[in-house]
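Labels run A, B, C and D following the written order; every chain starts at residue 1.
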């Protein structure tokens, strides 16, 4: 009888990732651990059973985001191993793979819980889409659209009409992704609040807003919107919205469990990824 | 025997506020409610007893901030009445004063709880200052200082060294004040998280960070700081910091209770104060 | 013999604009001035002869932008009359129409010159597009594109690779339009410099750059761009770019002449349109 | 008879700079070039005669800024040699010192001209200060001041009242210094325009404004300012302003000449100093 089971998801169309997955598969089998290994593929359901004890992701943050949408609801903790430079979610370098895996199967890694967002689209009183994301939901104008108006309510109270290129609703996990490029703040990753950041707002006093996890955010296209808009999940999956659609975004019941080495430091990743170490210039200064 | 007691704090050196306070005093006395009325004065302890049932503030947000530092710990709910244009904290217009006061003494107003920040300054192992604020704590360089470095740890974990004009640590209540001018986000006011916003950071990738209410933020002057820096509370009270001082900022045990009419809308105040109604210009647009 | 001739261009599919145009036509004819009146239509060449003495635009800034692309090269000065709220380019309110027109035909208006941008697209050594704009040229990713890289050189010297949602190259006239929403600065309108503003740049230290009017800006899609990108002129006309295309943007030889009343104030329009009058909130403040 | 003469200005209280200056002095003397060497000292007039052919600065950008205020009016071209990491103005690394100096005395370096700002302070009809800077003029509130209002006119036309922590007026050279930290844009360094950037403006729609070199900017303290404000030149020299003072800032008649190697690239310095090379994170991305 095997000592537990593990899922492996590796980066799509990436030869080194596939080879590492094979080696890792062999390693697990030697330890008498059952393995279910598959390439990340967006449109396809995962064949990994929901009974696995762990999931190992070999790739970058993008692969882990995809994997979390597939197997996040299983409840099995996920280990993100990066084949290139470290990611926010994939903080284990390839060099540390086997020592960390040893720790994983011996229960010596920390589990960090991350909140997800659930999006529902209601069209003519019917739910036409339900989707979970770990990073962000983006509502965007089409490239050639003149402008869009987005009416936003929070817990049924009118917030405002955003006249902008679009709107990002991000988890703390997603706050260091697209949200940051659009001028949003960083949210400490284990928090359970969300940030709503307009993209290039035409009303110059609009600002990112942090809202509590009890909020249900509803977005509708405003009266002056002439065209369809696009809903994008984690920057990976798109969906066309029509006039009259109601998009309702709230905290998901499911959470993602990420595995972390005990010496893991979020702030260190932040300093590295955002290059905070470097004093870029100075005011008057002799450096 | 009086039917309860009330404190009144009115704006400093402001004749209309003083006159309104007198009228209101008479009104309360007629209702057989005991009144303790005083002018707001920063350096002086309040003579209002901590047994009052309510506190009415006549002035602007600044007067309410000062009052909250004086009587916030009493636990009595505070009603903010604005004599000019409405404030974020003083949302009752003078015209509505008596109807709202009627509601207040009949217990028909909503109570909204707001979190405060506690700041402690440790100098050579001794606590030399302890201070509570409703809005923000600001650590600033002196006007002619070249530059300051601020080393920040959160729960004893090193975050980064900010090279900047200063640093704002703000409550959700304070997020619409100085934090907004420095580029920080808006926090929904009843949340219990904080925002840490660098002022004119020289490392251009620095961004505001939202941190949970369990965080103890410690700030020290970095090694390259040549000069004393200044600690400011709610933009009203200043304190000189020396090299080696540890500034520790965390959630206060005390909270402020604000009285609100039932139809009160934070988002409406936001739209009004930040002029979100106005579409300022358009991209290509014929308006 | 008529006393000169005038072109009228009125807002597309806008009944009040059409009616005002008819009235104005009659008025001009009574003054023995020849009139050529037409609806603004993007895809169609103008029938207004290049010999007209003046062009009157009835509509908003969008109509004037379109008109400037059609008849800007004529050299005839353009008068922008706004039927709604005033625009940056259409600063004459409808109420002042006839007094201002009187001044126009009596040569008592000021002429303000505005610089335009010329864009050329080179595909496999051949020029496939040449286009003039008064506001801006935008290079954008498609809505569902993951990300784009844009390699930029200025006068054949490599500037950087922008990893962003897109890039705006704006004239001073266009600086108060999309450029402002993307975080760019305001350029005094009669200057002859340009601003290059990245849209949601992923490299957080990227900033808008002001470049002299002698600069030839060349933009190419970077090696990692997977998809076509879109070129947009004044937010009104789109063009598909392919990998390998060179987009060369420089000062146009043509300039637009705008007619202005003598008491015209750009700063007043700025204060009004951007609502600078309103103090939105204050730091500690009792207002 | 000596073959020309050179001034050397080296960084204040910096032993390695002093030693390099001595070595360089000897080197020049061997070449029969007259040398005038002195330590940078802010409050003291330079003893270097205005007849020198070149000035060599050994230090960082701060030393060069100080030197430019002392000897900039001489018209002699300045060579900036950096003893630490390269600066925007001091682009010659110490390792290249002697080869570049050889090129300098053989006239094989390029001369780049940089515009300066002249500030005049008028108090009760009298000019009480006149000062030239290469980087920026900053008007700042005092650290504990509540807030300041600054009334700004440009060529006698009212621009707006800035309610802010302060205001930066920067040359293109200074645009990569404090202006950048305050959210301002980069100006190509040989341009002759200026940027006016508010520091933490309370009116959220305020934006940096680029103005032509023909502009005379006048700043006065607004009616609601309660306190004195401070004028700072290049972040190095301070001056107290009183209510009623008029500060007039315009293009200086003098320009600075900087010596550059032929392969000098401003964009390369920009990419290096602002770390544009580093892709800091990605949207969905597998890196």
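Everything that follows uses one rule, which is that a contact is a pair of C-beta atoms (placed from the backbone, for glycine too) under 8 Å apart; a residue touches a chain by one contact, two chains touch by 3 or more.
The shown structure was predicted, so the numbers you read here are calculated from the model rather than taken from an experiment.
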{"item": "Relative to chain C, chain with the most remote C-alpha centre", "value": "B"}
{"item": "Centre-of-Cα separation between chain D and chain A, whole angstrom", "value": "44"}
{"item": "Rounded Å distance, chain B centre to chain D centre (Cα mean)", "value": "39"}
{"item": "Distance between the centres, which are taken as Cα means, of chain D and chain C, whole angstrom", "value": "34"}
{"item": "Residue list for chain A, restricted to those that touch at least two other chains", "value": "146, 178, 180-181, 202, 204-205, 207, 235, 274-275, 278, 280-285"}
{"item": "Pairwise touch network: line, ring, star, complete, or other", "value": "complete"}
{"item": "Complex contact set, residues of chain A against chain D", "value": "11, 14, 59-63, 65, 84-85, 87-88, 135, 176-178, 180-181, 204-205, 207, 234-236, 273-275, 278, 280-287"}
{"item": "Chain B contact footprint on chain A (complex, rising order)", "value": "146-147, 154, 157-160, 163, 172, 175, 180, 184-188, 190-191, 193, 195, 202-212, 215, 265, 267, 270-271, 274-276, 278-285"}
{"item": "Contacting residues of chain A [partner chain C, same complex]", "value": "140-144, 146, 164-165, 178, 180-183, 199-202, 204-205, 230, 232, 235, 238, 274-275, 280"}
